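In what follows, a single structure is set out as C-alpha cells and then discussed.
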Amino acid sequence: MRKDGNLRINQFLFDYLTYEVVSLLAERISSESVKVKTGIEELQLINSIRITLRFRVDKMDYVNGPGRNHLFVPGPVNIPDQVIRAMSRNNEDYRSPAIPALTKVLLEDVKKIFKTTSGTPFLIPTTGTGAWESALTNTLSPGDRIVSFLIGQFSLLWIDQQQRLKFNVDVVESDWGQGANLDVLASKIAEDTAHTIKAICIVHNETATGVTNNLATVRKILDHYQHPALFLVDGVSSICALDFRMDEWGVDVALTGSQKALSLPTGMGIVCASPKALEATKTAKSVRVFFDWNDYLKFYKLGTYWPYTPSIQLLYGLRAALDLLFEEGLDNVIARHGRLAKATRYNIFLTLLLFIQACSYESCDLFLLAVEAWGLKNCTQKEEWFSDTVTAVIVPSYIDSSEIVRRAWKRYNLSLGLGLNKVAGKVFRIGHLGNLNELQLLGCLAGVEMVLKDVGYPVKLGSGVAAASAFLQNSTPLIPSRI
Amino acid sequence: MRKDGNLRINQFLFDYLTYEVVSLLAERISSESVKVKTGIEELQLINSIRITLRFRVDKMDYVNGPGRNHLFVPGPVNIPDQVIRAMSRNNEDYRSPAIPALTKVLLEDVKKIFKTTSGTPFLIPTTGTGAWESALTNTLSPGDRIVSFLIGQFSLLWIDQQQRLKFNVDVVESDWGQGANLDVLASKIAEDTAHTIKAICIVHNETATGVTNNLATVRKILDHYQHPALFLVDGVSSICALDFRMDEWGVDVALTGSQKALSLPTGMGIVCASPKALEATKTAKSVRVFFDWNDYLKFYKLGTYWPYTPSIQLLYGLRAALDLLFEEGLDNVIARHGRLAKATRYNIFLTLLLFIQACSYESCDLFLLAVEAWGLKNCTQKEEWFSDTVTAVIVPSYIDSSEIVRRAWKRYNLSLGLGLNKVAGKVFRIGHLGNLNELQLLGCLAGVEMVLKDVGYPVKLGSGVAAASAFLQNSTPLIPSRI
Amino acid sequence: MRKDGNLRINQFLFDYLTYEVVSLLAERISSESVKVKTGIEELQLINSIRITLRFRVDKMDYVNGPGRNHLFVPGPVNIPDQVIRAMSRNNEDYRSPAIPALTKVLLEDVKKIFKTTSGTPFLIPTTGTGAWESALTNTLSPGDRIVSFLIGQFSLLWIDQQQRLKFNVDVVESDWGQGANLDVLASKIAEDTAHTIKAICIVHNETATGVTNNLATVRKILDHYQHPALFLVDGVSSICALDFRMDEWGVDVALTGSQKALSLPTGMGIVCASPKALEATKTAKSVRVFFDWNDYLKFYKLGTYWPYTPSIQLLYGLRAALDLLFEEGLDNVIARHGRLAKATRYNIFLTLLLFIQACSYESCDLFLLAVEAWGLKNCTQKEEWFSDTVTAVIVPSYIDSSEIVRRAWKRYNLSLGLGLNKVAGKVFRIGHLGNLNELQLLGCLAGVEMVLKDVGYPVKLGSGVAAASAFLQNSTPLIPSRI
Amino acid sequence: MRKDGNLRINQFLFDYLTYEVVSLLAERISSESVKVKTGIEELQLINSIRITLRFRVDKMDYVNGPGRNHLFVPGPVNIPDQVIRAMSRNNEDYRSPAIPALTKVLLEDVKKIFKTTSGTPFLIPTTGTGAWESALTNTLSPGDRIVSFLIGQFSLLWIDQQQRLKFNVDVVESDWGQGANLDVLASKIAEDTAHTIKAICIVHNETATGVTNNLATVRKILDHYQHPALFLVDGVSSICALDFRMDEWGVDVALTGSQKALSLPTGMGIVCASPKALEATKTAKSVRVFFDWNDYLKFYKLGTYWPYTPSIQLLYGLRAALDLLFEEGLDNVIARHGRLAKATRYNIFLTLLLFIQACSYESCDLFLLAVEAWGLKNCTQKEEWFSDTVTAVIVPSYIDSSEIVRRAWKRYNLSLGLGLNKVAGKVFRIGHLGNLNELQLLGCLAGVEMVLKDVGYPVKLGSGVAAASAFLQNSTPLIPSRI
C-alpha cells in the first residue's frame, strides 16, 4: 500500500482501520521521524497497535441492541438453541461411513413431515427458489401447459419462473388477499378432456398475503374428472406448521425450505416426489443438471447418497430439528401454530371492539379519529383462507407500513415483514411460524402496539395483548416434558 | 455387568439405556439363543443398536419446550449471543503471552464498572458467596466488630458467613421489605468514638425483597464522624445495572458475580479493593489461602496475573460482555434498567387502578373479590428503596406464590424467582437485570398475568401490559447503532 | 402406535428407542398387568423413562473417537474456530438494513480473493456444481462450441454437465495425472479463424489427480490469436490457496465453493464475472432462473442485494473467513499452501531414497519386496503440474487404496481422499488446503505412514515425517502476530 | 467522516480505537474546523465510522495463527467439540426442576470416575487450589499434625497452603524427579503409636516433574499399623487418566479439577469424601464457609442440591464429558493415556539409540556433539514413577527450556509446559492427558523435534516420531464405534 518515506503499513492494517485513521497515524509517525526499516520492526510497530485493539473489538455487531432480536418475519425464523448447538461443528468427510448413515435415517424421517410413505425426498443444497426449479424441471418439458394461481408475491415469482423455464402457463389470478380460485380450476379441468394440462402448480400458503389454499379440494377436482395432471405444491411456509398430507391429497411434488417452519438456517431445499413424479422424470425434457433428481437417485442406490457435497452442518441441524419436532409431536406443532395464529388475529382484529369498550372510560380525545379511521383489517379476505403461519395486516392509508417495519427494528429490536409488490406500504406482516411460544408472541404483539402508536395510529396499548392473552390462557397446554 | 447366558452387554450400553430396557433386551436375545461370544461380535451387536439410536438422540433436553425459555429470575440472567459465541472455544495455555495480555486489559476495563480509578480488581474463580468471603477475610481479623444489616435472605446469608468466620457481628435488622436502618448506623457510629467498629457490611441491593440501600448516606455518616471503618459492599445484583460509584462513595471493597448484571455464566467473583482495603490486608489475621489477594498481587507484579488456572472462556466472555456494555454506554445501561423496572412496577401496581376503571364496563362478577382481596403489593415498602433490578411481588394470602413460579415454568416456559425464607410462598420475584429489552419484559408481564389468572387471581388480562407499554412507548430511545 | 393391552406408547418414544426395544418394554409392562389408562398417566410413565435417559444421551456421535478428527480430504476442509463461532447464531431478517450493509462490504472484499477490481461477484446459495451451471448458463447458448479439458474426475463431471446443458463440447483429453493439453488448444484456436469457439472451460486444479493447469498460458494463446472466446475457470480447489489472478489472466468467469480453501461449510458458490462475461448474459440463451445473474444485479442496484434468502450464517462466516485471510495476508496464505504441499511431496517421494539408506542398518526382511515393488509415486506426472492443495498418491498394485482410506478413518481418526473413477483403488489423496498448519500436516503424514504399514506396505516409519520436518523446519516463518 | 470543528468523540469510539489514533484523528479534524453540534449528528458521524469497521473486526484474536493451536500443556487441556457444543448455551434458573434433576444424575455418575460407591461427591465452583482447601478445612483442625510429601511445584504449593491454614505439617522431601518417600512414611507411621498424625496428604501425580506416586502402598502402610490417619489425595492430573481406586485404596478425600483429564474448562473443583471424611467434618475446627461441605449436604437432602449458584454450562459440559468417557470406557481411557505416554517416552528417550543407529548412514557432522552432549533425560528418575499424563524433559545445560516453550508457540502454534521453580529453564513438559489421540501426539512430537533443532539441539528430525509411531502402530486399537 502506501509507502510514504520510511513507513510501510501492511495491507491488513490498512484494511483494518479506515484509510483516514491510518493515514493520520502514518503522518504522525513520519513527522516524528520514525525510521521503520526492516520487516520485523515494521511488524512490531503494527503489532503494538494490534495488541491494544485486538481484545476490544471482538464482538461488534450491527444488530447489537440490548437484549434479543424479536424475529417475526415469516422466514427465516428463529433457530432453536439445540439446533444452533448441533450445527456448531467442523466439516467432515462426507464420503466416510458417518454421513451416509446419518443421511439414510434423515431421508426416512423427513418423509414424516410430508406425511408420506411412498414419496422420495431430496435434500438439495439450495433455497426455495431452487426447490421450485427442481420440482418443475424434473417433471415437465418446455411448452407443457400448466395451471398456476397468482394470489400474491410468491405465487407471482413462481409463475415468473415457470414462464422463464418456457412452460405454457395458464395463470388463474385472484385479488391479493384471496385464495386460489378453484372454481376456475374446476372448469379448466372439466374442459380439458384431452389432458393438455400437465400440471397444477399451487402455493399452499402465500406468504405475502397470509392466505392458505385448500389442497384437498384441488385433489377432489382432479379425481372427480380423473385428470392425470401432476399436482405440484409449494409448501415453503406451510410444511411442518400447517396440516399437510402428501399421500392423502395425492400431491406429486411437495417442497419446503430449511429456514421456514423447520427452523434451520437457509440452504436446504427439501423436495419430496411421488412415484408418479419420479415416473415423469423419464419423459421430462427440461434441461437440468444441478437439480436433476436422477443424479441423487443414482447415489441413493450406491448408498453414498450425495452427488455433490452437502452441508455437514445442515444435516446435523436437520437431525436436531426433526428430533425436536418429533419430541413435541408433529400434530402438536401444528396445533401450536394454530393457537398462536388465532391469538394474533384476535389481537389485531378484536382490538376495535375492545377499543370501543375502552372509550367508555378513557379520555376520549382520539375517539372520533379512531372510530372514523380505524379499519385495521386482515389482508386475508375470508376466514377459510386465514393462514396459521403469517398474518398480513392492512394499515390505514395515512400510514406507510414500511415505516412500521423500520421503526419496529430501530426502536424495539422487532423484525416484522414488509408488504411486498402490490401491497407494499399497505400491509406489514407478522410471521408466527417455527420455534415460537406464547410469551414470545405476546412480546411481539405488545411491540406492534407500541409501534402503531409511534406512527400515529390511535391504538389502545394493551388492548390487543389482552385479547390474545385471554385466548392463550384458555388454550395453552402444559409443556408435556414438564408435567 | 450382567452376564446372562452368552450375552455380555457392556457398561456403556447398560448405562445408556435404562436397566429395565436392556434387561428386557437381554432376555429376548438370550431366549432366541443368540450366541455372542467374542468381543468383536459383542461390539458389533451393540453397535448395530447404537447406529440406530445415535442420530436420534443428540438433542434431548429437559427444558425443551417449543420456543425460548423466558428467564426472569434475578440471576443467573440471559447471556447475550455475542458472549455465548465468544465463550464457545477450546482451552488455551494460560501461561502463553496471550492470556496475560488479555487479562491486563480486562483488569483495566473492569474498573470502569465500579467507577473507580484507584481500586484494584480481582477476577476470582468463585461465586458471589466466595467473593463475600474474599472481601471479609482479606481485610478483617477474627473477633473484629462489624456492623451488618439484615433486611432479607441474601443479607442474612452474608451475616451467617460473617458469624461463621468469627467476626463480632453487630446486626441491624429491618422488616423484610425495608431498607437498611441507617439511623441506627448513625447512632452506632456516633457512639463509637473508640473506633471499635472495623467495618460496615451492606448489601447494595437485596435480591430477595427488591430493596436498594442508599450507599451515599452510609459514606456521609462515616465522614461526618470521621470514622475509619472499612466500607464493604455486596453489589452482586447492582453493579452494572444500578448507579454505583466506588470512588465517590468511598467504598473499600465492592464485589459482584459474573452471572448477574454482567450477563455471563456463573463462575467469576469480581472484587475491587480500595487502597485502604489493600492496606488492611497487612494486618488482617483471618486465615485465607484460595481467597488471598496477595497471591494475586504477586502475580500482577510478575505480569503473569494468575496464581492458579483461570477459566479461559470466562475471560473471553468478560471481554465480550464489557465490549457490549461500553458500546451501549454504562450510563445508558443503568438508564435501561431504570426504565424496565419502572415499567414492571407500573404494570403490577397500577393494575388496581386500571382494574377499577375497567370494572365500569366489564362484567363485574369479580368486582367485589377484586376490591376486597386484591392487595397486590410491592414487597418493597417505600419508593426510596425500589430496586431497578428485581421486583418482589406480594401475592394474596389465599395463593401460594410457589405455585405461580411452578406453573409459569410448566405452562409458559417462564422462569420467575421464588420467595425465600420469611417470604416463601408469599412473594414471587421478577428479575429484570442484565441483557434485556422492552419486548422481552412485556412478554414476561403478559405471562405473569396469565399465570395469575391460572392460579385464581382475578387479574384483568392485558391491564398490566397496557400500563407498562404506555410508559415504555414514551420513554424508550432509538437503538443508537441503528439511527 | 401399538396398542397392546392397556399400553399406548406415544410416537416419540417409539421413534426414540428402536422398535425392538420398545416392543420388549411393552410386552413386559403388559405382562405385568400395568394399567395405563389416561393420557396423563401415560405421559408420566414415558417421562419417567425419559428423565432417566435425557441427560445421558446428549452427545452421541458416530464420529466419536477420542481426540480430534484429522480432516485431510481435499474438501470440505477444516473450519477455523473463529469462523465456527461467527456462524453460531440465530437467523436474522435479511431485509433489515444490517444484512445489505454486511453484503455490500463482502462483495467488495471477496473480489480480492479473485485478484480482480473489474469483476462482479455473486454469492450463490449452492455448491460448486451449481456454480459451474451458473457460469455456463449465464454466458452461453445451447449449441455453442466450447473447448473443455478432460484430465480427471472433476473435469469429467463438468464436461458431463456441459453436454447435458446442450453445448457442443470439444473435449481435449489427457491421461489422468497430466495437465490440460494446451498445445491442442493452441492449434484449435489457431484454426478457428471463424471464432466458432465461444468459450474455453478449464479446471484450474483437478482435485482428483492433484494437477494444476497453467492458466497464464491459456490467456497467452487466446491473446496471440486475438480470439474472443470466453475464458471460464473452475477455481474450486485453487482460489484462496493457489496463485490466481483473474484480471491479469483475463479470466471471464471464475468460481469456487465455500467449503474449499475459504474453509467454510458447504453452501455458497462464489462466482465472479468479468465485464465481458456480464455482456455475454445479454445474448446467452441458456434457460436459467435460479442461477440467473441478472436477478442478482437487479437487487444489487436496489441496494437490497438478495433475490432470494441467503444463509445469514454463511455471510457472517464469510466475513470471519475473509478477516482471517486478510490478517494472514493472501500471499502468505498461498505461500503456506506451497510450503505444506512441498513438505507432503518430500515426505512421500523422498521416502524411497531414505528407505534405501535405512536398509543399510535395518533388519532387512522387507528389503527385496521394497526395492522391487515400491514405486510409490505422485499421480501427477510432471512437476509443472504439481498441485499445492492436494497430492494424489499412487499405491502399489497389490494394495487397494480404498482400504488405506477406510483404515485411516477406523483406526487413526484420519480422513483421506479416495481415488475416484479411473484411479479408484489405485490412489489415495491427501488434501492440504484451507486452515492448516505444519504440525497438523506432520500428524497426518505420521498417520499415513502407520496406515501404509498396516496394509502391508514396507514403509520405514518416521522416514517421511523426517523429510517433511527437515523442509518445514527450514522454511516455516514465525507467526506474524506473535513476533 | 471528519468534518468540522468542535468535535466530541464519544466514549465508545475513544475506547474502541486507541488513544493514540483517536487523538491524532481529533487533531486533524479540529484543524479542519469540523462543526459537529447535535447529538444525532455526532452519532451519525460515529456510526459512519463504525459501519465501515464493524464487519471487519469481528474475529481478531491474539492466538490467530493459521490452523489449530496444538495444546500440550498438562492443563487446561483440549475440550472435545461435543463438550464445547453442550456448553454453548444460555443460563437457566438453577431452582427449576431441570437443574436438580441433572445434578442428581451427575453426582451419581461422577462417583464412577473415582471408582467409589460409598463416597460423597461435591462439585464446587472453584479451581484445584480451592478443592485442596475444601479437602483440608472440612476434615482437619488448626494445629493438626499432617504428613505431606514435597516432590515438585504442586506438592510444594499444597504444603504452602497447609502451612498457611495453620496445620502442623510434617514435610517429607524428595529430590524433584523422585516420588514420595514412602519408607519415611512407614517409619513415621510406625512410630506414631499415639496417633498424633491426623492425615496423610499426597499428590497422586506431580504435574511439575511427571511423577506418579504409589497410593496403594500408602494404604498398605496405614493398614499395616492400623493407623487411623485420614488419607487425602490430590488427583488433579490423575483422575480420569491414571488408574485410581478410591474405595479399594481407602482414600478419604480425593479431588480433581474440571480442566484436567475431564477435558472441561476451568471452574469446577470435584471433591469426593469417604464416610470417614464426612464423619471428620463434625470435629474439624478449621474455619470454612464457602468450602463447607455441610452446606452442600443440607441442600442434597432438600433435593435442590446447590447452596449457591452453580455454572449451568459446566453442569451440561460435565454431562457431555462423562458421556464421552463412559462411551469410550473409563478403562479404555486409562489405557489410551498409557499408550500415548509410552509413545512420548519412547520418542524422547529412545532417540539416542536411534540416532546412533542413524549415524551409521547419515552425514555425521553432528555425531560427536550428539554422543557427547546428548543427555536428553526424563526428569522422572525411575520407571516406577513415570507419569502417563505428563512427561518432563530435561534439556542440556546450554539450552534454556523456556526458549523451547516460547519458540514452539511463536513458530509452530504448539503449547508446551514450562519448567517450574527448581527446574525452571531446565525442563519443558509435554502434557498428554485428556481428549487426545495418536496423530495429535505425533504432530506434537514432530513439532518438539523441530523446536529442539531450532534452539541448537542436534536432534535427528523424525527419529523420535519414528520410535513413537512404531509403538503406536502396534498398539492402537480400532476405534470401537467404527468397527
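Annotations for the structure displayed:
The chains carry the letters A, B, C and D, assigned in the order they are written, with residues numbered from 1 in each.
One rule holds in what follows: a residue touches a chain if its C-beta (ideal position, glycine included) is under 8 Å from a C-beta of that chain, and two chains touch if they have at least 3 such contacts.
Chain identities (UniProt): A, B, C, D = Aminotransferase class V domain-containing protein.
Bear in mind that the values here come from a model prediction, so they are computed numbers and not experimental data.
Which listed pair repeats A-B comes down to matching contact pairs by residue number; over half match for C-D among C-D, B-D or A-D. The chain with its Cα centroid farthest from the Cα centroid of chain C is B.
By count of C-beta pairs in contact, A-C exceeds the other of the chain pairs A-C and B-C. Chain B and chain C have CA centres that are 46 Å apart. With centres taken as mean Cα positions, chain D sits 36 Å from chain C. Distance from the chain A centre to the chain C centre is 29 Å, each centre being the mean of its Cα atoms. Each of residues 15-16, 50-52, 55-63, 78, 81, 84-86, 88-90, 97, 101-102, 327, 409, 481-483 in chain C touches at least two other chains.
If you sketch which chains touch which, every chain touches every other chain without exception.
Only residues 15-18, 20-21, 24-25, 27-28, 49-62, 81, 84-86, 88-90, 97, 482 of chain A touch chain D when the two sit together in their complex. For chain A in complex with chain B, the touching residues are 51-52, 55-62, 64-68, 70, 78, 81-83, 85-86, 88, 101-102, 105-106, 316, 319-320, 323-324, 327-328, 333, 336, 357-358, 360-362, 409-414, 435-440, 442-444, 446-447, 449-450, 453-454, 460-467, 469-470, 472-473, 476-479, 481-483. Residues 10-12, 15, 40, 43-44, 47, 50, 62-63, 69, 71, 73, 75-79, 84, 87-98, 101-102, 109, 125-130, 132-133, 142, 160-161, 164-166, 257, 259, 265-267, 286-292, 307-314, 326-327, 329, 409, 415, 417-418, 480-481, 483 of chain D touch chain B in their complex.
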